[in-house]
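To keep things simple, chains are lettered A, B, C, D and E as they appear, and every chain counts its residues starting from 1.
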């Protein structure tokens, strides 16, 4: 054991296997650290795996999450510890010792093949907590179908044998691979790590204590989490959306917002849970899609509609346009209708009259709260919690806890959505690796393979391995017949039937057979390549064969399991599938394991808080950074900020940041410089700057910031630029910074929020203005407690813990008056005095105000040169002209083009803490590239036959990754292998067959078609 | 007799001569009189003198855009791969363009087959071109030995007959339904402007076929392509078909059998049309070129109709609008998708 | 040469008899197009006037000609073992063949003399030609060494006269075909004279003096090759295969294997020297990669290389290429241009 | 020997299905994991993305004798490759219409979106597609016959 | 006065060194401690009881806890099986409609119309007795019962404690 003053440990412990923990683990492992991922349940995936679709893209949650989980599960440098809990953490940053208890699974993961026979035969049915009890599982169970690891576990609280040994033991009797081990015992393990990341997630608020909701008493009142399962195709009603009482499809559904949030009276949670508005809208939209008929009525009852994220407002607009009803009203009680288990809601309409409406189902948009066990763990580890019980963080250190070396990410520090959690996960990975940088790659493992045999000139010698999968395949498909048949196929020189092809002994045997028989192509007919292809490909490599000389025939998941009653047909189909695989593998070629060498330098564009934070985060790891700023000074947008919503003064912080940047030996600062042209791709960019220099860099971070909109004309002008006491938000901040004494003298101040935002010309919500304006109002109150302050707003969007500012503002007597677009405030000048008139919706009459100062909360506006940068880096933008990330949910700082990342306001408006987190996240993502000497690139890439290419450019237009371009000289299409993802859009788009995909070429597909139809 | 055609012919000769004499172009692409009364011959004039032979009449059915990429290439000084391009501008070509031809030029420019800068386009509004198959039918199989054309009439005669008809009666089908007779890109306009046409039911024939049942449609399709000899005149007359190796010629992979087989011939026609999807301007060159009189234009016409209806796309009208198969809209129709087509989602921006 | 005089009913009788053991084909008009069709003797009057769109080569170079067959079916004993596929099939009589088309069969049998597949087609096909009453303006058979009254390549040559036909018997097979009529219906001397007159008539008004084949054979190859007019032709040409596929004397082919549902065949199918891939080498090099090279080759082959090797031009003057060329490339102009080269 | 009607009764369609790796193939796997039963007529060919499927491939499958085609990809917005399915949607819309135009029965050519979590939906889709194809009988058009 | 004082102290953050406890909570406490012994056996006929949660006491005043205590006491006094809760209840219960001076201020029609909600709610329990631990509620509940033809008796809490008290 090394002592703390020595080199730090090169490993890290991530606690929590939800999306945040998984992302943090992947980022750490990819940038050269060994990761112990501790998960308390039997599989990773967390809350996200329970969701049906995700907003605002309506992506299928399982679809987008699964690949990450599989990657995590297979990662050589991630030690996945499920059913495990951290008991204690000793030591300090750089050298922690964690004590982890691993609870027994009672199923040997090395032997379990996830065939499911055990669960089928297990007599004990129990409510399935994955479906929140809406469905049933067995005492031996798989957490969910796509679980990683895909291994069964026994629930010790439910298992008949474990309660009374000798009583049942069915699973042990039927398990074909002898994986059941009733004698499994808990183990305590000591892990030495350099830092710790807490990604403990959240618990959904339990609404049972809110009796008015009827939850727990009225069967058709469900939580949103339960409703996700009702919507999910893999949920208890298979996506048919049935309500609990009678399993009928509801025709009228209501959502009640803020259940367990923004409620200090009953729920004791003053904060806003941040995600519920969007998920409720999403559920309403998705429910309407699920509904068999067109007439599903959906109503959302809310206080303020908080759609403050990227593309959220558009989603809200679309939902309204599609007929989702929105009622600004808090429901008193959910009442039984007295028939059919329907429910009655009484609410006040826009007209002030009381309506009564009947619903078939009421969904409670429950908030997020700190998990009880997580809070206990935090206390055990000496991690401070904030008044809301979340892990305490600060504006400038958003992913750090009070305990050095212990970082935090995700909803455990404040309620937040998936992209924000993922962003923080990456940021925490960066934070955790900062101190550990000297020990990078010191504890990681790398696999060595024998040299590969060149089989190019050999005639095909194909080996076919037909799996019985215990009885999973063999009970339906005549595997012996399939094996015999395989031997007759052209090119096949060896065929064998195995009980479990994936078992370790068979794998070893397969490698031997490949060598002994001189096989140069292999087909395995078993389960799905999606889970098992990597394993068999690994075997090929171990046997000295290129791993791409391999095909699978899926005769289990897509044959024996789905044609259980038709053994003859299933056997014929298995033969066909084997023949197709053989036909295709004959055409397969050895492919290169592509890599791209990495220039270990980053280019950071923009030297605001985001850019500087990103640059420092990378430079602190010893990696050189070229920091390019268009202006002549550092600081960017933040120079105009007075304080963060948490109350920290920005200017002081900024000064410190600038000093660090200026004095950093690894930062090459280029002020007054811009980017002219970018060439190359991930690992090997070459960027021409306006100073004439050319920078080679392996990755780039774009952090060019944004500006604030100045309403110089139009209906939102409001005397701006015409009256000296009309400001936009940051102009008032400037007066705060200057400590303008005149401010104290103001008798009345009016704020107009959403001034020119959330309208057709500028449809997005700028996310920060409500909080910022309220904080300014509070500051004015600090300066002059007698000042009258009015805020004219549309929805107050103080999401998360920012809600406390809103609360405080009301306590201080600040008056909030809501307006809508039909009645926007009127402002005019009467002999130098500002006059404001707004219609108060509660009084239902106009209110006249005579402020001394008028503050307009205007939009955060993308920079005009964003377009230029977008063209130079060939990266996409949204219709609002913010940069478009590769994936709204799971890749929030990545561009679709590899090696380019974004941070800060150019991505979307956000407060300081989020900007810093995103900058660190971008640095972490860039580090996963810059930490490597070379990075792997897709092997199955497109390739152009220049003899056939005519340079029409269709391929370049349909490529989502800019991975194909017309060569300047030949004017013919050329693939940039490092950027190609192998999707084949170019192949299908090419009329002259000039582009093909390696090993998934037209001829291979045609061979498979031909083989499929050989026997008709 | 002075006709629009004779006036235009004069103007073309004058302009072409100017262009060649002044050295603004290295070659001028037009038509000369053919050796048969019903055909004109595409022609490249390389000297001012040769321009005297140029003609413009209702028989100019070959789409000149088809020749441009090759002609331009042939005028470039030979260059090995990697060798830097020669200094200064490359030689230019003058060309006549009607509405559909100019739209094909737009597409060729969009698809990087040529540079706009290297073209000098003399724009001519099309009055519609004559279908010589219709003339043959009119002549009842008798050999046509001479043809006269005025602005409104066509007179044909042979060994023992002489007939006159309205031009409208013998125009090509594509010209009858054309709504864009005027060139969309041009450097100089020649001759009078033809007003934008409003065509009543431009897709009447397509709709008629659509109304038939599947069996009848198949019978119609088979009948239509029955005489195809796979000579590929339709393909080669088409300015969109410029692939060095057409899919029909490829043996690896062998998408289509090479001989005359019912399925292979059908596959050829389906894919040829499909490859023109969203690009075809309905110039009719394919039909005019076919030695067997096959109406393969109907297949591309169907695609044209669908592109218009599904994607509101008419190709070649604008250099800056992407061709329909190289772009998408999140809300593109998906009623044909049988599971889960009801779906709403945010696509962010799609521009690059 | 024996000349018979047949009246219309004789022809009907013959056709009915022939139809018992053979398939009969003749040019038939439909939809304004003349094409080759199987005929039923009772419903048939006489061959359609005009040149059929497709040339007679469709009977001798079928699209496709199956050369070999094989199975790819796993488990088949002889999977991947090719079997020759040369079936003789029923004999055929093609009625109403014009002299130009008939002559093309003779010309094609020069290069294909030893081709078994061609031979089988030829041995099983009898040509009952009809001499031309009315040549078209695009006909130029006399120029190429033929004649509207020509009989080369025919087994029987029919010439329409008042009240019937004069039938010249040109081969043993032709004689057999006529059966007893051969001996009973001999033409009268007047009728023979009439035929003679028609032949003389046809000789008049032919092309330029001397035989073009003869002249071109003698010209220096490089003079013809380097002529400037090729560029003009290439300028117009779109490189389609209409001319070659319609031409009765274009016989170039390619070979490929086709496999469907476990059955395979090796086929010979028409190819065209107009297509760039025609001469594409495996190396990627293409000796006739440019349009001008291909256009020149087509004409040089017909008018220079073929005569040098076999004597006559590889052109029968049927005029199909002239009529159907979409860009009006006219082989007569090419001939004139070539002949005018000094 | 079978009579024609016997043969027709015995006939079972062969369907080629091109499934994208990330959604529809995964959905097909999930159908298996969940033991949702469907008719054994489809032969699945795994492709990276529905955007990889070209018109040529569909015609080739018909030529080879497939009685029906199914192409399935991710739902719009779910594409693993960002936009492959959206380009595909345009290509397929035109192709399907064109094939119907020339007389191919609409039932033969099928496109769908199936996500990785839609096992049941996949099984239902295969049932539906198989039934559709059965109603139009064995493919006769665009099938190549030799020998 | 109870509420006015309580809310005044809270709203204006007036420092004070005492706490507010309702007598109901004390009843409950005493019963739990055994200081107050009650026995529901008097209720041989199974008279059914329900309850009104006064706004000032529960929703705006001391919250759910006092409502729980109220129910605890009632159940102890009348027998748990004889108590029928209203819905909604406790902090979420409906206002009787008689507060804020409504009973004294005229506008009888409006007051009764508002009270109809309360009437329907109470009537739907089918209880014989409604316990209202607030004089204001008592008067209003009495009035609406009478006006709308209710069948229950409206009482305070103490009447029943007295009935159930057992001498130690």
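Heads up, the rule we're going with is that contacts are C-beta pairs under 8 Å (C-beta built on N, C-alpha and C of every residue); 3 or more make two chains touch, one makes a residue touch a chain.
Given the structure is predicted, the values throughout are model-derived calculations rather than measurements.
K.L.:
Can you list every chain in contact with both chain D and chain E?
P.N.:
A
K.L.:
Spelling it out: a chain qualifies if it touches chain A and also touches chain C; which chains qualify?
P.N.:
B, D
K.L.:
Report the most central chain, judged by the distance from each chain's C-alpha mean to the global C-alpha mean.
P.N.:
D
K.L.:
Which chains touch each other through the most C-beta pairs?
P.N.:
Highest contact count among chain pairs: A-D.
K.L.:
Could you tell me the distance, in whole angstrom, between the mean C-alpha positions of chain C and chain D?
P.N.:
Chain C and chain D have C-alpha centres separated by 47 Å.
K.L.:
How many Å are there between the centre of chain B and the centre of chain D, using C-alpha atoms for each centre?
P.N.:
The answer is 35 Å.
K.L.:
If you average the CA atoms of chain C and of chain E, how far apart do the two points sit, in angstrom?
P.N.:
Spacing between the chain centres: roughly 113 Å.
K.L.:
On a C-alpha centroid basis, what's the spacing between chain A and chain E, in Å?
P.N.:
Here chain A and chain E have centroids separated by 51 Å.
K.L.:
Find every residue in chain A that makes contact with two or more other chains and list them.
P.N.:
In chain A, the residues touching two or more other chains are 57-59, 947, 958, 989, 993, 1002, 1006, 1010, 1013, 1016.
K.L.:
Which parts of chain D, given as residue numbers and ranges, touch two or more other chains?
P.N.:
56, 60, 63-65, 75, 77, 83, 87, 91, 115, 118, 121, 144-146, in rising order.
K.L.:
Can you list the residues of chain B that touch 2 or more other chains?
P.N.:
244-245, 247, 254-255, 257, 261, 325, 343, 345-347, 350 - these are the residues of chain B that touch more than one other chain.
K.L.:
Go ahead and list every pair of chains that touch.
P.N.:
Listed by label, chains in contact pair as A-B, A-C, A-D, A-E, B-C, B-D, C-D.
K.L.:
Taking the touch rule as given, give the residues of chain D at its contact with chain C in the complex, in rising order.
P.N.:
63-65, 144-147
K.L.:
In the complex, go through chain B and note every residue touching chain C.
P.N.:
34-36, 39-44, 62, 66-67, 70-71, 133, 136-137, 141, 143, 145, 227, 229-233, 235-237, 244-245, 249, 251, 254, 257-261, 288-293
K.L.:
Tell me, which parts of chain B touch chain D in their complex?
P.N.:
206, 209-210, 214-222, 247, 255, 257, 261, 263-264, 266-267, 270-271, 273-274, 277-278, 299, 302-303, 306-307, 310-311, 324-325, 328, 330, 332-334, 336-341, 343, 345-347, 350
K.L.:
Provide the residue numbers of chain E that touch chain A in the complex, in ascending order.
P.N.:
Listed in rising order, the residues are 63-64, 87-92.
K.L.:
For the complex, give me every residue of chain A touching chain D.
P.N.:
Chain A residues touching chain D: 52, 57-64, 66-67, 116, 145-146, 232-234, 238-239, 528-530, 554, 556-559, 561-566, 569-570, 572-573, 576-577, 580, 886, 896, 940, 958, 960-961, 981-985, 987-989, 993, 997, 1000, 1002, 1005-1006, 1008-1010, 1012-1013, 1016.
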